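Note that the chains are named A, B, C and D in the order they appear, and that numbering of residues resets to 1 at the start of each chain.
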Amino acid sequence: MPVQSSQVRISIGSRFEHIDLIQIVVDDALARLGLDEDSRHWVGIAVREGVANAIKHGNRQDPDKEVEVELAIEDDHAVIRIEDSGEGFDPSQVEDPLAPENLLKPNGRGIFYMKSFMDDIQYSQRPGGGTVVTLRKRIGDKGSGRGPAPRRNQET
Amino acid sequence: MPVQSSQVRISIGSRFEHIDLIQIVVDDALARLGLDEDSRHWVGIAVREGVANAIKHGNRQDPDKEVEVELAIEDDHAVIRIEDSGEGFDPSQVEDPLAPENLLKPNGRGIFYMKSFMDDIQYSQRPGGGTVVTLRKRIGDKGSGRGPAPRRNQET
Amino acid sequence: MKIDTRHSGGVTILEPKGKITIGVGDVALRDAVGEALEAGSRNILVNLGGVTTIDSSGIGELVSAYTTVSNRGGKLKLYNLPDKVTDILQITQLISVFEVFEVEDEAVASFSA
Amino acid sequence: MKIDTRHSGGVTILEPKGKITIGVGDVALRDAVGEALEAGSRNILVNLGGVTTIDSSGIGELVSAYTTVSNRGGKLKLYNLPDKVTDILQITQLISVFEVFEVEDEAVASFSA
C-alpha cells in the first residue's frame, strides 16, 4: 500500500441530503482499497455521523457553508477528514451516552458511533476556525466477524 | 427547481481510476434531481470524457495535480464544471471525428461525445491557467426515447 | 426510506424500509409513531427487517418513539432485527431497553400476554 | 472489466464484460485482441452483450482492434450489441464500418461464407 497524500476531496453545501453522496464516495474508494463490505458499512456510518455533526453543529445547516471531506491513504490506513467552519467545541466535555442518565436521551451518540466503528478518531481545530475530525481505519484488516468491535477510546 | 449555487465539489488526483467515483457522484446527484436512468447514463459518459481529458491532456496524468469537478443547479439545468491545471488548448482547432479521414482514428471522439450527450458544452480558460469545460443538461427533460439525441453544436 | 403501517390483532405494525438517518428517515419514523398514537393505538410494533442503515439520529428517534409511547401508557416493541441493527443496539446498550422479538406472531402475541 | 476468450468453428470469440473505458478496459481489449492474433487467429468476433459502458477511448480501441486485425489479413466483427452500444456506434458513424450481427451462430457462420 503506497503512502499517498490527499486522493479525493469532496465539498458539499450543508444539507443532510448530501450525506448519502459522501457515503457513496467513501464506500467506492474503500472498496477499491479492498476493504470488505461489512467493514465498509461501519466506516460509512461513522463518516455519516462526522458529516452530520459538521452540517448540524458545525455549520448549523447553512447551505452556503461547506463541509469538506478528504480521503487519503496514510501508511496502511484509510484516513477520512471532515471539516466544517463552525465555532468548534470541546470534545472532552461530551457526555457518555452509555451512562444510565443518558441512555434514553434522543441524541448524543454520534461521536460514540465514530469511536465504536473506527480504529481511531481525533478532533482538532481548523486553522481558520471550525472543527476537523479525522477518522482512521486500518486497511488489510479483514475484521473479526459480523459486527464491529465496540471500541471506546479515552482520548479525543 | 430552486436556483442554487455550487452544491457539490469533488477533487481528485489525476488518475483514471478516480473517474468511476466521479461518475457515481454525478449519477447519485442527478438521480436525486429526478433525471431518469437513461439520461443519467449519457450524462455520466459525457462527464467521464471531460474528466478523462482533464486528467490526460490537461494534467498529463500527474497524480499530484488535481482535477476539480463542481456540480450545481442553475435555472433548470444540472451544470457540471470540470477543471484542470494544464496548458489549455483551442477547441476550435479540434478535428471532426466524423470526417472520412478521421473515422478510423483511435482517438479524437471525446469532445464529440460530450457535445452529443449534453444539451450544451462550453470551454473556457481557468484564471490561474488550465481548462474549464462546462456541461449542461436540462432537468425535467425526460428524454425522447432510448438513445441520446445526436446533437452537434458549432460553437465552442 | 418509507414506512408502511398495518394492523394485526390490536397491534399497529410499522415497517420502515431503507435508511433511518438524519434529516429524512428519522422524521418519517417520528411521524409514523405520532400518527399511530393519534389514531388511538397503544400497542406499537416496529418491523426493522427492511432497515439497511440506522445512524445515531435514527437510534435517537427509536428511543424517542419508545419513551413517547411509554409516556402515553403504551408499548413499543421491535422485531425482525437485521444483524447490523442488533449490533448497534448492543453497542449503544439499548438492547436491554427494548423488548425485541424474532418473529411477528410472537411479537404480536406478547402484547396480550 | 474482464474479457473471456473462447473458440467456435475456427473463430475466436472475445467477451468483454463491464466497462470499456480509459485506463483499464481499453487496454484489456487491446491485449485480448493482441493475444488472439499472436495465437494465429484471424477470425475474431467480439460479443458486446456484457458491455455496460463504452467511452471514447473504448470506441477508439475497438476501431484500433478492427484496423490491426484487418492489416494482418483478418476480420474483426461484432455481435450482441446492447442498445447503448448501438447508439454510440451510430452517433460516431462507425456502425457502417463494423460488420454487426445479432446472434452468435449467424456471426460465426459469416466468417466461412
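A few points about this structure:
Here is the rule we use: contacts are C-beta pairs under 8 Å (C-beta built on N, C-alpha and C of every residue); 3 or more make two chains touch, one makes a residue touch a chain.
Since we're looking at a predicted model, the values are computed, not measured.
Listed here as common contacts of chain A and chain D: B.
Each chain gets a centre from the mean of its Cα atoms; for chain A and chain B, those two points are 30 Å apart. Averaged Cα coordinates give chain A a centre that lies 26 Å from the centre of chain C.
The geometric centre of chain B is 44 Å away from that of chain C, both derived from CA atoms.
Along chain A, residues 17, 20 each make contact with two or more other chains. Looking at chain D, no residue sits in touch with two or more other chains. Remark: the chains found to touch one another pair up as A-B, A-C, B-D. Residue ranges of chain B in contact with chain A, taken from their complex: 4-13, 17-18, 20-21, 24-25, 28-29, 32, 63-64, 66.
Across the interface of their complex, chain B is touched by residues 19, 21-24, 53, 55-57, 59-61, 63-64, 66-67, 83-84, 87, 90-94, 97 of chain D. In the complex of the two chains, the chain A residues touching chain C come out as 15-17, 19-20, 41, 44-45, 48-49, 52, 56, 97-98, 103-107, 109-110, 112-113, 116, 146-148, 150.
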